[in-house]
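After this come two complexes, each holding chain A, first together with chain B and then together with chain C.
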Partner chain A sequence: MSVIQWIARFFLAKSLRFVILATAVAILSFTLVSFSPIDPIRAYVGTDMLTISSEQRELISKRWGLDQPALTRLFLWFKQIASGNLGHSMIFDEPVSKVIAKRFTTSLMLMALAWTLSGVLGFIFGSLAGIYKDSFLDRIIRWYAYTLASTPAFWIGLILLTTFSVSMDLFPICCARPPGIGPDEVTIWNHLHHLLLPAATLSVIGVANITLHTREKMIDSMQSDYALYAHAIGDNTFGIGIFHGLRNAVLPAITLQFATLGELFGGSVLAEQVFSYPGLGQATVLAGTRGDVPLLMGIVLFSCFFVYCGNTLADLIYTWIDPRMRKEVG
Partner chain B sequence: MEKTLSFRKLWCFSSNKLEFWHNQRPKTLILSVLCGLLIFLLFTTALLMDDSGLSTQLTLRKLPPSLQYPFGTDWLGRDMLTRTTKGLCLSLQVGLTAASVSAIAALILGLLSAGPSRNMDRLITGLVDVCMSMPHLVLLILISFVMGGGTKGVIVAVAASHWPRLTRIIRAEVLQLKSASYVRLSAKLGKSPLWIARHHMAPHMIPQFFVGTLLLFPHAILHAAGLSFLGFGLSPHTPAIGILLSESMRHLSTGYWWLAVMPGLTLVVTVKLFDILGGGIRILLTPKSSQL
Partner chain C sequence: MHRHGNFSLTCAILLITYFSLPSSATTATHSNVTELILAIGGERTEGYDPTLGWGRYGSPLFQSTLLKRDAKLNIIGDLAFNWELSEDKKVWKISLRKDVHFSDKTPLTAEDVVYTFNTAAKSGGKVDLTLLDRAEVVDTHTVRFYLKKPQVTFIQRMITLGIVPKHLHGPDYGRKPIGSGPFTLVQWNEGQQMVVAANPLYYGNKPAFDKITFLFVNEDTAFAAAKAGKIHMAAVPQTFAVQKIDGMHLHAVPSVDNRGIMFPALPKQDKKSDEGYPIGNDVTADKAIRRAINYAIDRKALVAGILENYGSPAYGVVDGLPWDQKSGHITDNDLKKAQKILQDAGWRDTDQDGVVEKDGLKAEFTLVYPANDSIRQALALASADMAAQVGIRIEILGKSWDDIPQYKHSNAILFGWGSHDPTEMYNLYYSKKAGQEYFNCGYYANKTVDNHLDAAMTASTFEDSLPHWQAAQWDGETGFMPPGDAAWAWLVNLTHTYFVNDCLNIGDSQMEPHGHGWPITANIETWKWGCP
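Moving on, here comes the complex of A and B:
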């Protein structure tokens, strides 16, 4: 089997699986929302509820198809999704797909920066802790990772905000760009300036997982026979770690980093709330608190797609980087 | 490295005092008991504390932490220590209730999934996959939105989203036990399934389940706090820890750092206590590590 054939088959199988999964997720969330005690018309109209007549209510209900049975609504919804229409967001007054696309590009920079930072730092910390197991350094790194695992992301955000934005005045307090500047005039430095603190918030938390995982893998290879042999022929501990341990630890680390995109997404929801960063996370919270069902459903499906992409990439990279697996494929 | 390790062991065994501290068991036990005591202390303090700190005293507004007010006071002159303790207690109750419900659901589903019915297994593993396919926080937001918010919404959301991982663990454990040679031998010897479940399975499953539940607590508490921070659920009149923190956001830019730092720090310490307790009990109960 040629490589191209293999890749084609891989993606076909993965896409098929995603369609099944997304259908299941859609059915589940549809069922949940249809059993909700929230009246969609009341959520839409808001405080003006008393001023509209019952005929007007019926008109809205008819226009939205609320008078039809749940199963018909589900099929109609599926038909719309299949043709690419996710609905119309009430709070942003725009098509849901447009809102998600716009918000996601804003979030993407934040998530990409945080993801890279936490991956690189976590791998370095984990490797050092694993190479020098039980040393003072290892103890500090382990303590840091375990403590950070029980720290809420939003609190870290608040601490960074008070320290660096309020006390030191180094970074802006909110938003994605300075006030009074249009989206076209923003420079990359402006962006980075606003991105850095939220990204740091996500990284400080995200480091923990990958550090502990890499440490385990590093300890495994430091206790292997080939490490013992290298020790016997006179290599020092650091050299063994770099030349024998690192390659073994990097693969699971990459896989893990791709598989934790869901946590990254969740973290970005909290971080964006703290820094009022206008990304997809903030849109999720707004959709939830203000009852924008189409947007919420769109985000549920999109986040599901995002996580699935992460897992698929992890699978693909696993086969691509590992020479043993590559031989099997090629 | 192997050699140095064994030397150290020998050396330790030669001296009684060192042996005590290199033996993990008493240390873990003492640490776990201490954590349990501190958590108990927190609950009793919150119960015994009078509400005088919650009343508005405008003359005492925005005081930084001092000896009299260790956590400072807020913009209405309320004592932050009282608010934090009460709020933390509320958040813990929400988290613990939800995690317990979730653990019981996980036990039932895990056992059903490992049971004789293949279709049941497919259904439950499918449900686990679906629940784990979206970011946890998005699922939490979806469920608490569907429940219409409120304390009930937060509890249901946390309870309904924490079972998948434990279900997977329990299912895997039961399947592994079912194919273990001693279980099969016992069946060949004519023992009834109930006898096997009671004498061969339960001793493995009970500690596993107990530890799994304990380790759910930190996650559940953090997620409950996160949801209330985002504005889902609990009303501003009941000072849950998430509400305190989201309120503090409005006052941070004017320099009242203690409103965010102190309650958050207490939350971190408490969650960490639960984490140490869970980890310690796991070490003590798991046969592989209990005698080290």
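Moving on, here comes the complex of A and C:
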């Protein structure tokens, strides 16, 4: 079988699976949402509840198509999706695709930075701890990893915020850019300045996991026969770790790194809330608490796609790093 | 009805702990400031389109309205210089100023006004114009509104609906608002901030500030930013108001943002409401119980103990508004009077258990409050303690807003309302509104009250309607206030609290409605800079 055939088959299978997965996810989330006690009209009207007549309520529900039964709405929604339209957000009064695009560009930088940070830091810490097992360094790293693993990310966010923003005044308290500055005046440093604390908070989710898994794998490699042999011919510990351990240890790290894409999405909801960072996470919270079903469904589908792509990428990277896997797939 | 999670509470507590540390930031007290940064909320996720409901409170910023209310809530002209209602009270004739331009330099004419009203009536937003039959152009600067039936509160729509330019209005208008208001939109970073600039074409007095930035952050962050000297004004909850911030003073604005107990007025019914919820409560159906609670409660103690004194006792639903009935305000904390009311009605504690009975029925009922609102929880607890002193046992129960509807007709509920539109009062007490949504949850019905409310609604001018609104509350013989039927026990009005830079002079603020934050902007075009 040629490479091109292999690639075509791979992507066809993956796309088919995605369609099935996305349909299941959509039906499931729609069912869950329709059991939600939140009344979108009540959430929209809010404190004006008493000055809005029932006739006006009917107008609002008509505008949003809420006067149709739930099954009809789901059917119409699927029909829309099939024609490539994600629908219209109720609370933003904009096409869902536009809202997601806007919000995701803000979140993307945050998530990318956090993701890279957690992957790189986690892998370095894990490798070092594994190579120098039971050393002082290993203890410090393990202590650090256990602490992070048992700490909720939003709490770390609060600590960082109060320490570095409120009392030391090194970082901004909120938002994605300085107040009162036009779009042309915002520099990349402004962006980074506002990003760093939320990204650090968000990276906490991945670091501990990756560190501890990499460490285990590294210890396994360091105790293997080939490591013993390398020792016997005079390689030093660090060299053995780098040349013999690294490739073995990187596989679980990659699996985890790509598997945490889903958690990254979840974590960004909290991190963005703490730092008032206006990304997709914040939009998700709004959509949920105010019953904006089209937006919520759009975000669910989008995150499903995002995570699925991440995992597919992980599959591809395996075959590239580990020749044994290539043979299995082939 | 604000939703605050425990999460934000944790934030607040953690942040406050750190506020005790001195801030190294410089405070923004320079002379000759022409740019302001404010954190008072005001973001509308769906955009700034008045036909969908933008600008109902505070300043519509980008647009202007036909009429407006001054600091004392009197109705004065804005775009309109003359407004009159026909004999049959169904046709409004409005004459417009001729010197008004939109910020794109096109003149504002009757066409735009008619377009705005007709569009808003159909659009299904938060502007309720279901009463409007149609709006019509008479000539370039005169319009007529035809109503389906006489209703004096229609004037509220003329006060709150900003006029949009017909030639620019469309689906994305909310994100590119153009109007004739004192400011124009420079940029809006959704979820973060909005920057506005003074409109050079504004027909009124030019604002003293060239540029104003509104930060859209939660109250905790706003307070932190104020503490760090980064903003000129922050809307903060009452619990933060006791703190001190260098270079800023506390601006406390009285409001009709009230909290009170709604009582079911009917005895237990066999039939259920249209939504399928049980109706009625045998204990609260007795007027004596409701009146006794009203007299037993010590409202001043509630204000001092729960609101840190940032509030005032509430006796009615519209305290302090021009249509408030002052003679219905009672002297409370009067246990003797409360006990006498109960005794006269036949409630006695015959089995010595501390709770009064009548014909074998114990004076006990459940008071439901929204569980995520700590102020309402405290009010519910304190009220229950005060009622216990006269032998009425109130069980309190915290529920989420999504659960409360099933309790709303058969239990007492701790609600909070407050509006500049008397329609709210009408919907709360008019008998035919019983059972719909949160209107008249208690199924309260009094023919005389209904008649007064009808008379107010069909008055020929808003000023003429005032005595009727007042009579509905208490006309000397009956009414829904405590001396009469005591349909509710109103407890407190909140005082809205803002930290304002010592050099920012924001004049006299209007008494605010239920919302805390944006309403402060009602007179934003008159704000001045000047250090004392």
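Convention: the second predicted complex is superposed on the first by the 285 of 330 C-alpha atoms of A that agree within 3 Å, B and C clash if a C-alpha of one lies under 4 Å from a C-alpha of the other, contacts with A are read in each partner's own complex, and residues count from 1 in each chain.
One rule holds for everything that comes next: a contact is a pair of C-beta atoms (placed from the backbone, for glycine too) under 8 Å apart; a residue touches a chain by one contact, two chains touch by 3 or more.
Treat the numbers as computed from the prediction; the structure is a model and nothing was measured.
In the superposed model, A:G84 makes contact with neither chain B nor chain C. In the superposition on chain A, contact of A:D93 is made with chain C only, not with chain B. When the two complexes are overlaid on their common chain A, residue A:C304 makes contact with chain B while staying clear of chain C. Applying the stated contact rule after C-alpha superposition, one finds that A:Q273 touches each of chain B and chain C. Shared-chain residue A:G234: touches no atom of chain B or chain C.
Of the two partner chains placed around the shared chain by superposition, chain B is the only one that A:S150 touches, whereas chain C remains out of contact.
In the superposed model, A:I52 lies in contact with chain C only, and not with chain B.
In the superposed model, A:P69 makes contact with neither chain B nor chain C. Within the superposed three-chain model, A:I173 lies in touch with chain B and with chain C [touch as defined at top]. Contacts of chain A with chain B, set against its contacts with chain C after fitting on chain A, overlap at residues 37-38, 154, 158-159, 161-162, 165-167, 173, 273-274, 289. Residues of chain B that touch chain A in their complex: 1-2, 126, 129-130, 133-138, 141-148, 218, 222, 225-226, 229-232, 245, 248-249, 252-253, 255, 257, 260-261, 264, 267-268, 271-272, 274-275. Across the interface of their complex, chain B is touched by residues 21, 24-25, 28-29, 32-33, 35-38, 146-147, 149-155, 158-159, 161-162, 165-167, 173, 222-223, 228, 231, 262-263, 265-266, 269-270, 273-274, 284-285, 288-289, 291, 296, 299-300, 303-304, 306-308 of chain A. Residues 1, 3, 7, 10-11, 14-15, 17-19, 21, 23-25, 35, 37, 45-47, 49, 52-53, 56, 122-126, 128, 130, 156, 174-175, 186-187, 189-193, 195, 211, 213, 215-218, 221, 224-225, 227-228, 230-231, 400, 402-403, 417, 419, 421, 423-424, 427-428, 436-439, 513-515 of chain C are the ones that touch chain A when the two sit in their complex. Contacts from chain A toward chain C in the complex involve residues 37-39, 42, 44-57, 59-64, 91-94, 102-103, 154, 158-159, 161-163, 165-167, 169, 173-177, 179-180, 182-183, 273-274, 276, 278-279, 282-283, 286, 289.
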